[in-house]
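The two complexes that follow have chain A in common; it is paired with chain B in the first and with chain C in the second.
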Partner chain A sequence: MNGSAVSLAGVGKDYKHFTLDDISFELPQGSIMGFIGANGAGKSTTIRIVMGLIHQDRGAVRVLDNPMPAGQVAAKREIGYVSDDMRLYASETIAWHMSFIASIFPSWDADYARELVRRFDLTPEQRIKGLSHGQRVKAALLLVLARRPRLLVLDEPTTGLDPIARQEVLGALIEVLADERRTVLFSSQNTMDVEQISDRITFIDRGRIVASDDKENYLDRWRRVRLELPEGAVLTQIPGMLDVRGSGRLNVATIPDFGETTLPLLQATGATVLAIEPMTLEEIFLSTVKNRREGLLV
Partner chain B sequence: MNAVVRTLVLKDWHLLRWPIVFYILASGVALALCGTGGTFSFYAGAILLITVVISMAIHIVMATIANERTEKTLPFVMSLPITAMDYTTAKLVANGTLFLIPWAVISGAALLLIAARPELPDGLIPWTCAVMLEMAISYFFLMGISIVSESLPWTIVAMVLGNLGFQAFLYYSSNIPSVAHAMKGEAVVWNGEISTILLLEIVAIVVIIGLTFWAQSRKRDFI
Partner chain C sequence: MYLQIIEQIRERVAVGDWRRGAEIPSIRQLAVALRVSVITIKRAYFELEREGVIVTHHGKPSRVADVPNVEKIRDDDLDQHLERALHIGALLGLTPDELAARLGRIRLKKEDKA
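For the complex of A and B:
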């Protein structure tokens, strides 16, 4: 057993109007990776390749030490998968689904399932068609969590939820994840959701990975700096500086690798630093994607 | 057949248990109509019986295959420890048994009725077997297209083609001189023509199932 729960190396998939290209990342055991991208960026395609539901055209995928898609049966015994386009059987109750899953997975923990029913505020006798969207997502999470899978793969589970339901689902998920160290791959187009849960973040755009790092590294390194320049001066480029906006004397620079040397370098240009502000994950994502598309980031 | 596939088969049986009971009861009504009263009652019962079998075939395929995609329960099923071929096996076994068991009961009852009613010539029995097998072909064709195409429009096309094929079969098979002649007699005659038809029908079902597996095995994207 190596240290990675999920390992993708040079993975690609070609469609008529979309190409997933050279996807490589490692998800260490025990990590929670947020997988962020816009609609159509390739998140779901990548996750379906991880699940063995789509066969990659090139590259290697290993999940829990199983080569995919060949080893998907062994891998899926230990993966809990929930996606926004997954529904349960509308005519059946939550209890029926629990019994169905319990009959397939010997790892089903009935006591833990009852505990999750209580925590998620669900009624086992209720039919799926009578549940709200938020309750349906919680029911789907209950069905995978009570199996105690080694890897959770959550493909935009909060998409389509209203803000209250989204916070309820995330709260429930955070509470459960705090109980036990699990490996999680969590995709979303909502950076706030990912920020609450993940310790590693991967950005994907137009079928390519554009950045992958620890969440804290992003939040520690990326800074927005407000600068005032002398009359008539032009801000000189310093290494790593991106996206300078503003006109005249006031400028705002985005710096993805702000360190001890950055401030002296900025001051050496003649600029007065008015403020150094942290950036949110959403701002970092947007800036990364924009600059990658413009070729400013490599 | 592994344990998960067996569970999926039982799941489809569970989901369709009440519709199947309904179709069996409806076919009972149709057979009762055939078995009592005069000619009108017989033809009304026969038409109802055919309608029940066709409706049951469409209902099973729509509920367990087409709806699994449109109602998005397919990702739930495919998150279980199975391959695409396991899924195909589960669907073929579940749908095959869901259709064939009631179909066999209905067919058997129809044949018994023909044998029991003196005004119905026993010579109808071989042709009725061929008709019932033709309905099974239409069913497996519909099921195979639905599994392979993963498309509601193509499933509907298969439905239309299956129905047209069935009507054409009724017309052409009942107009084969030796078959038409035997149908009117009291003796049950398994002549060369009817035997060939029955054999070709069984081969067609086997070929459809084989082609379904072959097409599924070539797929690289399952969702």
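For the complex of A and C:
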């Protein structure tokens, strides 16, 4: 084990109307990575490449020390994968699915499965066709969680869930990490989910990774600064300053790499700093994507 | 987010929920209990160690410091609030004396209510 549960280097895939390009990231064992992107950004394509379901045109993919897609049979024994396009048998019950999975995977933990049934508020005797969307997602998740796989790969597990179900799911994901050999990769459109439970966060937009870093680094470095300028003055650009907005004497600037030198630089422009505010992950994501699209951020 | 965790832990130490020298949950245990990411707790523990509130050893359980530095932290915290008050006061054109008088009035108001 080299310390990375998932590692992608220079991965690309060409479609007629979409190109995934230069996707590189490392997911250390024992951590959770959240994958954030708009619809059509390339999240699901990347996840399917990680799973060996789609073969990349270029670049190297390693999952639990297996090269993908060549080593996918060995890798998949230890991966739990849930996505929206995975179907359960509509006319069978949750209990039927549980014993089916238990018969295939020797790692099935029946006690944990029962506990998840209770915590997810599911009824084992219920048939899949009678379940709500949220119950279906939770049932699918239960079936992979109870196998205790070393790697969980989840494509938008919280999309369409009500707040209670979302917290149940996020809680179950965090619990996986109580065991430091286990790893989670999940995608989401919801930055709040990602902000709550992720160790590492990767932003993807238009088929490319626009940022990949420790969560706290994003939250630490991005700041919004409220500035007051002397009468008639125009705010001078300092290195790294983005999105300067405002009219007259009051201006708001976004700074992606706020450090010890930033404040003196701002004051040297003649501006008075009124406030330095932290930003939410959602604001950081939107600002990153916008500025990358406009070529202001590299 | 880790700032909130730090604040919660300082409180627990200050009120004695987490006693001096006592073992505290591991990073992963606390992450699971609070449903936040491991890195958030790691970061909080790192800062708390720097502040002298807790002691961590590689491979051993973390503990509350024998003499946790809670008072010093409270002191620094108060200074920061007062500096901020001074700043806003200056924007409003108040002198430090006028600010002090205002603090007195706020205290009286609170006592009236109680």
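Quick notes on this one:
Keep this in mind: the second predicted complex is superposed on the first by the 279 of 298 C-alpha atoms of A that agree within 3 Å, B and C clash if a C-alpha of one lies under 4 Å from a C-alpha of the other, contacts with A are read in each partner's own complex, and residues count from 1 in each chain.
Simple rule for what comes next: contacts are C-beta pairs under 8 Å (C-beta built on N, C-alpha and C of every residue); 3 or more make two chains touch, one makes a residue touch a chain.
Keep in mind that what you see is a predicted model, and the values were worked out from it rather than measured.
Contact with chain B, but none with chain C, is seen for A:104 once the two complexes are overlaid on the shared chain. Legend: residue contacts after superposition of the two complexes on their common chain; A:54 is shown touching chain B, with no touch to chain C. Taking chain A as the reference chain, the count of touched residues is higher for B when chain B and chain C are set side by side. When the two structures are aligned on the shared chain, A:39 is found in touch with neither chain B nor chain C. By the touch criterion defined above, A:247 lies against neither chain B nor chain C after alignment on the C-alpha atoms of chain A. Looking at the shared chain after the overlay, A:175 reaches chain C, while chain B stays out of its contact range. Using the contact criterion defined above for the overlaid structures, shared-chain residue A:90 touches chain B, although it does not reach chain C. Judged by the touch definition given at the top, the superposed model places A:76 against chain B, while chain C stays out of reach.
On chain A, the patch touched by chain B and the patch touched by chain C do not overlap at any residue. If you check the complex, the residues on chain A that touch chain B are 48, 51-55, 72-74, 76-77, 79-83, 85-92, 100, 103-104, 140, 144. Contact residues on chain A toward chain C in their complex (touch as defined above): 30-32, 167, 170-171, 174-175, 177-178, 180, 195-200, 214-216, 219.
Those residues of chain C that touch chain A in the complex are listed here as 1-2, 28-29, 31-32, 35-40, 43. Those residues of chain B whose C-beta lies close enough to touch chain A in the complex are 3-4, 7, 11, 15, 71-73, 75-76, 78-83, 86, 220-223.
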